């Protein structure tokens, strides 16, 4: 096995991010930079701002773009919203809620957690209970990971909004849509979301390196009163018509150009069609895994069917099966790159990303390659995995 | 069905040419032109000449490159070798031998044909018989299509060389390797091939638009004595150290740059590895079709197993099945583009290309997409097609 | 001097072809091939056909595209129009009329020439005289090079049309617009041109490797009656709605995609604006050379001011000056690539290409780099060369 | 003037950053992402780390890369080194030292400034004086902008090192090499620099969006003791062999791939050659401006000749001259994009960037285009500007 030799053909990338970058985005990112006074720059920024608002379905939030990754997006939210000693409720979703809570604490905030139950989404009742208990309204915000990439579990944002409302709690509703945006439906204003955070390298189909935060007036008000030292992340400094201010220095031109192109592709396909495509491909993956699982060697990690992400599917393997060795074989012998388990799930799960610039042939190639790797590793699986995926797609598009 | 909307993801291209162009070739072709006196130009041409000789396994032939497609390559051979009224033996391989013979006749040559039997390669005995009968040695050359792209059938060049030798006939041995080069083994000098013709868009993984002819001293001698009017195609004029002469005008710089890159990729992978990869992927395709064929609705067109091409597989469907409708569904609903039948085979066969920049995941995605299209069209097929392909690949790489 | 090391920045390409390829064309050529049954292919071909007709200003000619260079375009014209023994008038323009006449003769045609006078365009009176003398109308066509790239001299097509008409001669009017199209005005139908030939790599801003011929009904009629053997070049075979027939085999997809993009750029700029831009940049070059020429060491090769090409300027150097050494210094030390003299002009002239994807800053960089090379070589020139070019541009755009 | 129409040819970009991105870097950035467990990822990161250390000439510092711009790089330094209430000496260089000091203060630090004198570099004596006065060693670091992009003035790092040593002060020596790296010589270890900060979009020839910080053991020790809340910027968390930790989340793959390519180009040219080229091109710019300045309407802003940056040249115009209108004309009519004045210099200066992927022809095209704009605006300038630049280049390369 020589992983560093050139790979014939295209390796199928089924990481849940970074995802495949479409040619149109590649070409946009390949454009030479403009000087910063070029009239094309404000047009580019404006197109990204309005396109992102349309995608988020918000009219009332401001969008801030950062040269940063998703953790940078989180830091922007924390630095602007979490004053030293302030409390934030971070409902448990697994790896990413743990990480975010840790980052809150690194800034001197207090992270209140609800318990995470493997295979299940956030329990709105638990959220409601914590908020009802917080009679002093010390919790300033609820930080929700919409889809936890590590588990492939998606929570029900409308139910969480309902929980906050039922508790009559004034906490800001802050949602990380990094792994769900442009894959699953999201409507910021209708859901009463005050802050949304995302990144470029997943459903947005752009290389990693760009994060964004959309913040409404209530969130901006909290930021205004927050003494936490910050400059690069500071929303207030970035509220400007000057591009240099908007980006706290030089804008990441190539990423913005890529984003403009990607937003154009999404709009051209139609956001409802994009969502339907993701749901269709996800069903094919679920069908395959369910068929494989008849042998008892593996299974869908998310047990609540309605909470299975349309972006990424985590597959749990039985003890004694080496998920990492399986991935290596899938990648190096069959040219399918899938993701591994994060944190405590390392070695217990592998994950198939099926979001972004993806279609039927690609997901079938992925599933068949994974099945080949399972067999090459001698892992017994129900034989009709790919067949089941095919059947799901044939039905879906009939 | 809206075929002109942007296709999410990458449509899997399983035409037997043009084939996928690797990024390295894309980048090479994207380089800005040099001026024609730039020192990089002769280096580029020289690299293509020596790389092509290495690939053809010839030390004694000259290589001529043409801005042209494969039919242009044929025309170069005809214009240089076929004097008005001269005879050429064109053993029947189906569509492409018919086309080539017709082109010979358009130049006033006489094309002697051996019969073509569907599903079978050229019969060396028939070639030997024709040559033995030609006691006056009026036949100047034998024009052999190594792999007929229309049928996916490959002939046995060593056996054909043997047939010419057995007849003790001085005819030139002229081989079209358009569809086989860089997929199946070929050794020009060892086979006693006098002229080889190829094109860029198949195993060479370059966009269509470049053809080449390799001609040895005996072929050049024939060309020297041939009065057929020609200029662009003329080997004698092109025998020069001047790039302007070599190409009869401006060289097709981007294609030459692409070819240099492609030859580099082939050399880096190792030609034996390239051949083994093609054989492995072809076996997977054959396994799938054989599994599907249990239902009796379709079958491998090439019945002689040893003659099945490693580049392309033709699949015959039973009467009443609309192969073209199947292809449309495969392309438009499942994002797999396969080829149709040419000439008399139109509607009777469809063809899966599996040559060039291709790997396991891609061919599995193709086969699964084709199976989905078969089912969507209600064509009963044996259920284990993709499973059989997976098994073939797992065995192959074990 | 290490010509093969990577060159920092962009070397300015001032060859008169190949010329700089715009990003939009690069991106179009980088698209993966489609299978040949893809609905996008006929749309692509149709866009190129209609775009090319619009550019040529013809409604009555058919356009044929060839994977070939400009000499291939010539061969298409000769093979279709020149029967063995037939006569063609090729008015002298220097290098390229000589070449074309030689190619006619290689096909068994008879090339009647008018004398070429250095520095001057074709003399319409000489053409008229030859045609008047040809009372038997044995001359079937007049083959005119609109702009001879070797001399940078452009002839007056309207005057030549007038000469043919004045002689009341039925010869076809065949015009090579390789070096002039999309740079200087051309109106095929209005000029009564029966056949126009061009290539991709000059004003059309596409990599070399694509030629085209536009032929009207009279030309097609001549082709129909012409027994010259041909297949690849044959217009009659290519008159088809099938893409495979149109291109005599696989179409050069990348070049067609590039051409579609280039035609779109030209249409977006506006053809009149394109012409005006070329004229403006040419005037800057002429101004610089005239200023330099005050020292007597060099001069504009085309002495008739109205015949100076807007595409390329040939500059004659005095005996004792090594034009080739000058070019090497310009290219290797100052990163400006200019062309040399062809044939008898080798060493006597160098040439600055100023056509295609070119603007003010680029041509000024070229002229300044050439002036630097002149000085580095110790060639005395009038000092205000670049200043004169600047003044010409400032005036032009005022 | 229609600034948004497509620009024929290439607009010459003479911003001091972002700068032109070489094809090799464009291609590297266009590569599809890998999954994060791909063996190519650690190789990529390692190549960037070792290449950057070689460029910085450090063996003892760790390099941290951030998806961020240069201000993000500053924030990383501040967040790690400046505890609340701590003092930093920021010697005045103009716009960028002001900005950096403001950012220090936003984090609760105290910024001690030395006075800035227009046209002059940092005065080492002033630095020494402040440090000598700081007998209690409350100043933890000296933050030096090597080249202030706004003024085009470069300070003498060796002299500043000497000043710190002369004062026997333990402050960290922190240098912003954003605008100077890969243009002017820099040797981190030899200069006793503890921290260096840079960004991708200038001498490194990569699109904006990547920043880096190199920190030695003394700096890491300070970071370790600093309670300032931070996570994304935190050097200690990033000190890891895991790519996910190194980048605090998903690495900016495209930028890292671009950087690897760019570092390869610099190494291939040879860093000494890169420096010499920058010096040569800068001398040409200075020669042109000096020639123009004979009319008294404009002049080099940096009056101390030895302090003129090899990256960017600021040109001051006389009162009554509209520098911004001049830039618009240069960009829109002559296709040369130069930068404007920042902060208090807005309208008073314009700036020519001459760093990165730049060569002789490009800088001459820029200067000639600027001269054209000067004339088009009716600004009297000494006539021999471009001539002087040519002469400088001819002499330089002789």
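Some observations on this one:
Just so it is clear, A, B, C and D label the chains in written order, and each chain counts residues from 1 on its own.
Rule of thumb we're sticking to: contacts are C-beta pairs under 8 Å (C-beta built on N, C-alpha and C of every residue); 3 or more make two chains touch, one makes a residue touch a chain.
Computed from a predicted structure; not experimentally measured.
By residue number, more than half of the contact pairs of C-D reappear in one of the listed pairs B-C, A-C or A-B, namely A-B.
A comparison of the A-D and B-D interfaces places the larger number of contacting C-beta pairs at A-D. One simple way to say how far apart two chains are is to compare their mean CA positions; for chain B and chain D this gives 54 Å. Between the Cα centres of chain A and chain D there is a gap of 35 Å. In chain D, the residues that reach two or more other chains under the touch definition are 10, 20, 30, 32. Remark: chain A residues 23, 27, 30-32 touch chain C in the complex. The touching residues of chain D, when paired with chain A in their complex, are 3-4, 10, 13-15, 17-21, 26, 29-30, 32-40, 43, 66-72, 75, 78, 84, 103, 106-108, 199, 201, 207-210, 228-232, 234, 247-255, 327, 331, 337-340. Contact residues on chain D toward chain C in their complex (touch as defined above): 5-12, 20, 22, 24, 265, 268-269, 274, 277, 333-336, 357-362, 364-369, 371-372, 375-376, 383-384, 386-387, 389-391, 393-394, 397-398.
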